[in-house]
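Both complexes shown next keep chain A, but they swap its partner, so chain B is in the first and chain C is in the second.
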Partner chain A sequence: MLSGHWQKLRRAGLYALGSLFAVILAFAITAVFLLLVGRDPVAVYTGIYQGAFGDSFSLSETLVAATPIMLCGLGVAIAQWLGMMNVGVEGQLYLGAIGATYVALHCPFSQSWQMLPLMLVAAAVCGAFWSFIPGLLKVTIGVSEVISTLLMNYVALLLVEFLIHGPWEDPNNVSWPQTAAFPACAELPHLFGTRVHLGIVFAIIIALLFAFLLPTTKIGFISRVIGSNPDAAEYAHYKVKRYQLWAMIISGAVAALAGFSQVSAIEGRLRSGLSPGYGYTGFLACWLARHNPIAVIIVSLLIGGLLSGADSLQLSAKLPFATVNILQGMIFFCLLASEQFINRLANSHIVVKDLKIENKKDPPSTVRGEA
Partner chain B sequence: MKNKLMIVLLGVFFLGFGLLSSQAATNSLPALKVGFLCVGPVSDMGWNYTEQQGKVYLEKTLAGKVETVFAESVHESAEAERVMEKMIAQGCKLIFAASYGYLEPVLRVSARHPDVTFMQLSRFADKNNIGTYFGLTGEGFYLAGVTAGRMTKTNKLGFVGSHPVPSTLWAINAYTLGVHSVNPKAKVKVVWTETWIDPVLEVEAAKGLIDTGIDTLAFDQSDSLPIVKAAESKGIKVSGCYADVHQFAPKQWLTGPNLNWGPFYVKTCQAVMDHNWKNGVCICDMGSGVLELAPFGASVPEPVRKEVLALKEKIKSGKLVIFAGPIKDSQGAERLSAGQKPDIQWISKMNFFVQGIDGNLPKN
Partner chain C sequence: MPEMSSAALISRSSQSRVGNKAQLEELTICCDHITKHFGPVIANDSVSCTIESGGIHAFLGENGAGKSTLMKILSGYYQPDAGSIHINGEPVSLKSPADARRLGIGMVHQQFTLVPSLTVLENILLGQADTPMILRPKKQAAAIAEKAAQYGINLDLHAPVSRLNMAEKQKVEILKLLWRNARILILDEPTSHLAPLESAEILSTMARLSMSGKIVILITHHIEELLKFAKMISVLRQGKLVANFSAESVQAEELARLMIGESFNAEIDGKIYSFETENNVANLELRGVNVKSSPTNKALKDLNIEIKSGEVHGIAGVMGSGQDELTAVLSGHLLPEKGEVFIKGQRSAWKDLSTPHKSVSHIPADAKRGSLPNLTLLENMLLRGIHKQELLFGPFIKQKEAERMTKERIETFDVRPKHTFALGGSLSGGNLQRLILAREFAKSAPLMVAVNPTASLDLAMSLRIRKDFRKYAADGKSVLLISPDLDELLKTCDRISVMFGGRVVGTEHVSNLNAESLGLLMGGNDRAAVQS
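Let's turn to the complex of A and B:
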């Protein structure tokens, strides 16, 4: 019988090797496609790598693409630690963008130190409100937060469409779906003269904060108990519902920062198509990272690299845009499939043990049944 | 723990993979590298397809002198900024930003790269390195309107509009003027999708229009096939908008504007190579040779074909100005007085429907 420590390490090794194998498999399958259309896969993949991490400019663009994914991924993780599945980060991102835009367009500040904090707070409050609703529905009347958060994404998107086609429409360019440009003081500072912005600093601070708080504090401990077994937590008289509601609120606020930083640093205005699915990609990043805050940052960086490096498929290798989707889909598919496979392998020892425990448990119920 | 290990190994894999094969490709640079951005897939048989066809023509005509870089399905958002930066990093000195919403990213990128020339579609920018070009399909829509006005039996025509921006309004108004020039009783019904490409929404809009009793359909979307195929299956006459797709509606196809960008691209590239490019306005209409009329469908009778082709010659030679005063908007207010001819500044600010259009501009 393996000791607990060794078993943990074995599991970690299996996951690492499995994920590595999955990514290699995805690249290999795509390589077959590339060979079929007469392209050299090595050259194509080199192009992606160069486009993602090859030079300082590519690296900066990777960081830009990764930032909203990080914040959304962290948002998902925070809710997930307490057993709440927040599929609504996309919507919370848009609400954050709405909050920030309201302040940027309507508050008569001219100093960044007044404007930006207020935009941040407004974004966080709006995003938190958007996740508070499904959270409240869940803890009070048991509405599945998976469904309600997902559906609220569409409401958020329509709300943005309403605002940019209606009251907040750019007065200088009527009929084009966007707001007026933000004043200069509403622009989030950029780093090193690139498009990389303060949003990535927010993401890293939040990740470090939670990576530190979760294992060391009492609240962190209670959260972990609730996350792994809410019934047991209830039994221990922890306020499960209150914790879960707060987790949803914080989750939404963090995801909203993605929307705030996108409108403020990148777009400089609210427009349709602000997020090409950052929320959903963040959700995926969070699950690939198994809800570990530090891992979310790293996985987001890799996904950001894939998104931004994939430009080179079009620009250098002259492949159609669909190839980008094929490669990305293939990687995610293989990673998710490998997870099931690894779980089976990793649990092969435990299954026997669990069965024994179940056997011990079973007899009393049968006795009761007979009586 | 396990997560970290997995991630570290993943990272090592990516890095190692890159290091092993990091021989940067160094090509001998041709005289000019040209970048194209378009908003949808080039397989759309519409706007983006015509752009790609133009690129192919350019490559053939200026072979050896020009190299092209093409990016399809680029969002009209900060994503375009990244793609353009990457094009410039690859050595592009001329970029065609072929969609309305690219102007904001173009403004930001062009400020950082004053040595790169940008051609922005349909919008003006007062910058030394940004030129503007218009794919003015209005004259083609006018001729399609004449054909449709002759062919309709119910006198109810439908138009699926994309974004209600001036260039789209120009197309719809021109179409309606064409219809009315031969059939003053006809009414054009307009439905907006407020998107360039959304096949599902386009078909919904088309079907909604068909339910109101129209028998002729036109549209102004980036992609052609969803609406053309829907019209064919429902037995509704249809005209196209950017490319000739008559083979997809053998029974119901009428005609439509047909864009042929090639010569315009060649001219622009030549000007940039010869260092005599200026940030002016290029109008790509029938007179310039970019806009042509697609072939007629089998159902269009000979007299109508003759009439439309005669009108086309008049437009080409400048004898017929389709937007000539007096023009009244759908509310009855005069927008262009008698004898006045519209210039591009006027067209690029168009914000009204002409009379005969049944429908409203999206209002707040």
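Let's turn to the complex of A and C:
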């Protein structure tokens, strides 16, 4: 008989292996696709690797691309722990960018230590407000947060369009839809003289913090109960709705940090193409990581590598950027398919052992489906 | 309970007429030395038996005795390691449920497989291999109605399943099989969630079916019931067939002994306590409690109930008489529209739900609601104790303390597997229920509200739990036991309140009650009529 700890480890190992297998499968299927269009998959994949981790420049670009994905992924994870599916991190990212931009353009500070914290707070508040609305709709009148968060992404994007074409338009350059450049004090510090910035530090701190608090604290426990079985949480008199609303608020605030760090450290101004879908990629990263905060960091690094690798692929192999989107989509698909399979494996030996005590197991689900 | 006894009479008398029905095709299914292992565990150990039409054939056994495994082999879900199955002497191969279905074997599982939002008709047509692409509901409805009438099943085909009660849902499941021309019907614990009258109705329907040439196999651990309705009884214990005889030739005590084996003791039939609570103070009293009506649930109407300290107080009643609402009010999940609550004689301000839930442990009817399948046993234990100061260090949970507590509790209640990191979802029904019981007993609240707590437990464990309830109450606490099992109520409680239409229509000491008078009260007859 396996001892408790071993069993826990075995389960974690199975999930890690399962994810790995899903990713490998995705690469294999995409390889078939590449062969069909007449490319050598080995060369393409080596190209992606070189572009992602080949030298210090590619590595720093990978980290830059991974940062907003990490923050968005963590945002998704926080809501998901309490059973709320936040598809709106993209919009919350934009709201964070709007909040930070407002402070950068309108506050007459000249010191970074004054400017940056205020930008951060403004961004977090705006992002939190954006996720608070669907959260409130969900817990009060039961509007599906999946739909409302998704739709609010478009509203956020249009809001940005409105601001950069209207009130916040760059007075010096009317032809480009963007705001004026931020003052120097509104630029988030960069690390090691590269484009890598403080945002990645935020992401890692947030991930570590949650990884530590979630399993060890009372609030973390209650959150996990709500996420795993809201009925039981209700039965135990937990304040399910209040917790879920707070999860949405914090989720939006964390995602907003991605917007803040993008405008502050990378763009230096607000413009509409700020995020090439970091929110959605973060969503993918979160599910790949099975909502585990540390795993979100690792997966985001890999996806960041994929993205920056794709950039160089476009130049070297003359393959469209969409190739990487296909690969990403494949990974997500394989991962979802592997989920059930792993679940069954993870509990298999217990189920069998348990039969001597009871055999009131439901018939296999495939069979039940026919009934 | 006149309905029940007359139903029993029908089944008995029709059994005696079986010889005259020579025109009906005789059907037999024969298991020949069926053996099935799961890893090192033998679920079925060379089981041989012959099952015939013309009367219900019941399989009796404790949880884990191998009944369900045998039935799943018969219905093609499992393949035996050794042994063979013959229908009318022909060997058959059951490689899949589809094979079994082709041969006319159908099973009704304990958990219904109905779609609540669809009508009865739609549910019956659903998933049939020969349902045409374009449904012609009228034509189909007529044919199904005819089939239903043929077997005396009374159902509104156009009612949505969500509006049906448990017994009606059970009938839909049966009709579904009949519509597929099943000739061998297997029912897994069909009455475990039914009130006695409903059970009697279902079982007499089944008896009728078996008379008309179908094989009806019933899995149960409810002895009284099958003595009334079954013709043949097979008893399984630890995977072996230990007895096989006609229901007329056997006594309840003997069956219980065969079922449990060595550990059987004399407590099975007698009351397990002698405790006088007449003069005790009330731990909790509800006066004039009203709960708002919703379209699907009957409300509570001026409900009065008094639960004394040291008392196990039973609630009997047909399902949907307001038991769910009463439970919700007591466990602090529902704030009554009006009404007063007295705790130990003190009137309590009832402005929010926090008052009741701190002083009530609660065993919910559905184990899924009381447990966390994706979290560990340790976390399952913490579910209701997370606010306890001794488990917390500031905002942090004391892991060692929590683990020690969990180990202790799963040891006392014999939850298996024994390690604290196993997932809740890996536990079987009985173990899960024991886990919940362990947790709620440990809460040690002045009042325990238990809803159908022994439904998924075997007899030995049920007896233990009933004794534990008595012990719990003996400390000056109280237990409110809500159960459809009248036998359990009569053997465990001091007093029983009967609910009907959202109110308590009578509260009596058990010494003044028996199953029959309880049954009458549950049907809405007033007390005077019962006593006369």
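Following the convention adopted for this analysis, the second predicted complex is superposed on the first by the 310 of 371 C-alpha atoms of A that agree within 3 Å, B and C clash if a C-alpha of one lies under 4 Å from a C-alpha of the other, contacts with A are read in each partner's own complex, and residues count from 1 in each chain.
Rule of thumb we're sticking to: a contact is a pair of C-beta atoms (placed from the backbone, for glycine too) under 8 Å apart; a residue touches a chain by one contact, two chains touch by 3 or more.
This structure is a prediction, so every number in the text was calculated from the model and none was measured.
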{"item": "Chain B versus chain C as contact partner of A:224, first or second or both or neither", "value": "second"}
{"item": "Which superposed partner A:289 touches (first chain B, second chain C, both, neither)", "value": "first"}
{"item": "Partner chain(s) touched by A:50 [first = chain B, second = chain C, both, neither]", "value": "first"}
{"item": "First (chain B), second (chain C), both or neither touched by A:236", "value": "second"}
{"item": "Which of chain B and chain C A:106 touches, first, second, both or neither", "value": "neither"}
{"item": "Chain A: partner with more touched residues, chain B or chain C", "value": "B"}
{"item": "Chain B and chain C contact sites that coincide on chain A, given as residue numbers", "value": "8"}
{"item": "Of all residues in chain A, those that touch chain B in their complex", "value": "8-9, 11-13, 15-17, 19-20, 23-24, 42-43, 45-46, 49-51, 53-54, 57-58, 61, 64-65, 161, 165-167, 169, 174-178, 181, 195, 262, 266-269, 271, 273-274, 276, 289-290, 292, 294-295, 298-299, 302, 305, 308, 311-312, 314-316, 318, 320-322"}
{"item": "Contact set on chain A toward chain C in their complex", "value": "1-5, 7-8, 216-219, 221-222, 224-225, 228-229, 231-232, 234-237, 347, 350-364, 367-368, 370-371"}
{"item": "Touching residues on chain C, where the partner in the complex is chain A", "value": "38-39, 41, 43, 63-64, 66-69, 72, 77, 97-98, 109-111, 113, 127, 331-333, 353-354, 357, 362, 364, 368-376, 379, 382-384, 386-387, 392, 395-397, 399, 416-417, 419-423, 425-431, 456"}
{"item": "Sites on chain B touched by chain A in the complex", "value": "1-11, 13-15, 17-18, 21-25, 41-43, 69-73, 75-79, 81-83, 85-87, 89-90, 100-101, 104, 163-166, 194, 351, 361-362, 364"}
